[in-house]
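What follows is a group of structures, each given as structure tokens.
Next come two complexes, and both contain chain A; in the first it sits with chain B, in the second with chain C.
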Partner chain A sequence: MSYSRPTSTIPVPRYPNGIACIAVVGKQNNPLLIQTFGNAADQELKYHYLAHMSCDYVDEKLRSGSKSGDLYLGLLCTIESQNVYGYMTNTRVKFLIVIPTTVPTKDSEVKAAFDVIHSAYIDLLGNPFYDPDSTQMVASPRFRARLQTLAAPVAS
Partner chain B sequence: MQQALSGMNSRLSSIGGSVVGAGDARTRAQLDRSITRPRVGEVSLSAFAFLFSELVQYSQKHVKGIQDLEKRLNLVGYRVGQRLLELLVFRDRGSKRDVKLLNALLFINTNVWKALFGKPADSLEKSSEHDDEYMISDNDLVVNRYISIPKEMAQLNTGAFVAGIVEAMLDGSGFPARVTAHTVPVAGFPFRTTILIKFDAKVMEREKRLADK
Partner chain C sequence: MSSALPTYSTTSVSGGSINNAPPSSVSAVGATSLASGPLLVAEPALFGLLIEMGPALEAAMTGGAREAVFFKMEMLGYNVGQRLVERLAKDHARFTDTLDVVKFICKEFWMAVFRKQVDNLKTNHRGVYVLQDNNFRWFMNASGATTLQDATQAMTPFLWFPCGLIRGALAGLGYATVVMAESVGIPQCTFQIKIATGR
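On to the complex of A and B.
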């Protein structure tokens, strides 16, 4: 990058077989991208439902009034032994990370992961051919690839 | 022309040109730049001026009136503003969303103007007659510096582009508003541009609710 972005002091976390799914939900609660990783790759429909359910939790978190207006929403809910963490950007685009409860996670690591996703989303916005108001799923292969590296199993 | 070349701390690079000897002065200015201060994010002023003038010409071909032209420039600015909002909030604001109206306006006033034009806007005022109107003024808007409006179009202000940027940022942050640009000459600054922001009724209600809590 030619300009500096805030980089968290915690190194970018790798979650080999950790992150089950990353979901990007647009401002009208329309799914922009639902990407599953590892063992969960064949259960995409289930993660669509999960993302949909989590939207309600996000709304609840917002209404219970975070006066500080923090972007990181924390652990939203635990459904079927999956933890769902939420993050909302300034323009009401939400990112959700689903991690099975069996994987030990620290809040700071999840925050760092969200920063990476946010950075990738900003780069996606930089594409003049991407319409941020569209309701279609994101078709950019580069964005998907960035998310893939975040959740990829660590090469031994 | 010479003033532009001699500015050592000017954020925008000097205008390249047909003036003889411009090359020497320019290299001297380059060598005098400090190495320690990062000079990222700078664009040549002349390149931008050409691009913007082409943008205005292109828009003019497709419209039938001044209002239309302003609306078109506004739309272009809107697209820029949408992307700029995400980037600037992430970069300059850490992880905070602006929930209060005044904070969002201050953010635009300083951070956005600084990122776009290298200096904070000249003033931010609240209109005394209407509760939901605010004005951001700039004595010398960079986009308008090399544009001279012909007499038939005296009502046009190409700052509509910047108005579009501001509108997108407010819209995206949850403060829908109508934003327009007007020329308000003031003693000493004949080209002063004022960006008028008129918020929707819903925004004012919400502000009142938050203020009472």
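On to the complex of A and C.
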């Protein structure tokens, strides 16, 4: 009956550092948040474009490989030496993580990162002043701050 | 089933992380998210809120018809349902079809909100689902009416919020629906969901 999150099998959550961009795309394929990190900070327009393109790949993934029923969609595409990983919630909100191909990444790390994004999004919905149907970009600094931690270099 | 309540009975809702601590390092945030326990709701407080919601809204909406109050309560439920379903559907696999979604409502959603599962689910396989709850949790402390008209009439104000809740949950999952409720006698309650065919 309790819905506490299952303790992860990953011993210590590690996220692939070197994330270039995290994008949150809403139900109607409207961008809710495009957050760039590191030296990609000045190329936001490019990531808007990338997120928009990735929506098609998400649809394609859903049409073809829906056997697993997993929310994690895996590697969607590789564009201009950037890997784009996708994740779609049951409420049709999509999360995208863009990582340069030069960064070694494990699937489990990307899944863990998506988990954090999903939790952050759920808490954003908990804000009564946030309209889930809004098509505006998300302005919440707390949400952005939580995503910021994903790109922080992992202390080993 | 339940006795008088000397202490707070609780409903555990999702265990999403509520950490407001500033994230200092990745592993700290990760640890907090994974280790936070279930969030608990004090049921008496919830009942008090629900009971008060009807009269308070009626008083606030001067000159409004009774239907306007019902509409407002349904919209309140809708908003809550939308947000709640995101939290509850987080760890669920992708839904395959409409029946899968309704079953989720009957089991996980109902369990989280009403502490039990729906007792009976009927469908005509053409978009109409009937959910029957023989011991509706929110009627637990209500008294009186035992005939169809009396019960539905008396409990109508308190049924619109759950209707909105269900409608909001289904809307969150991508289904436009119409949800109605009726009761043949406290504590029984039936919800009828009409899903627009063709998603």
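To be clear about the criterion, the second predicted complex is superposed on the first by the 138 of 156 C-alpha atoms of A that agree within 3 Å, B and C clash if a C-alpha of one lies under 4 Å from a C-alpha of the other, contacts with A are read in each partner's own complex, and residues count from 1 in each chain.
Just so we're on the same page, a contact is a pair of C-beta atoms (placed from the backbone, for glycine too) under 8 Å apart; a residue touches a chain by one contact, two chains touch by 3 or more.
Because the structure is predicted, anything quoted here is derived from the model rather than measured.
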Chain A: partner with more touched residues, chain B or chain C | C
So, A:118: does it touch chain B (first), chain C (second), both, or neither?
-> both
After superposition on the shared chain, which partner residues are touched by A:139: those of chain B (first), chain C (second), both, or neither?
-> neither
Of the partners chain B and chain C, which touch A:70 in the superposed model: first, second, both, neither?
-> both
Touching partner for A:91 - first (chain B), second (chain C), both, neither = both
If you stack the two complexes on chain A, which partner ends up touching A:126: first (chain B), second (chain C), both, or neither?
-> both
Set of chain A residues, in rising order, touched by both chain B and chain C | 2-6, 68-71, 88-92, 118-119, 121-122, 125-126, 128, 132-133
Within their complex, chain A touches chain C through residues 1-8, 12-15, 27, 66, 68-71, 88-93, 112, 115-116, 118-119, 121-123, 125-126, 128, 132-133, 142, 145-146, 148-150, 152, 154-155
Show which residues of chain B lie in contact with chain A when the two form their complex.
-> 38, 40-41, 79, 82-83, 85-87, 89-91, 94-99, 172-174
Residues on chain C engaged by chain A in the complex (per definition of touch) | 12-18, 20, 22-23, 25-27, 29-31, 33-38, 79, 82-83, 85-96, 111-112, 115, 172-174
In the complex, the residues of chain A that touch chain B are 2-6, 67-72, 88-92, 118-119, 121-122, 125-126, 128, 132-133
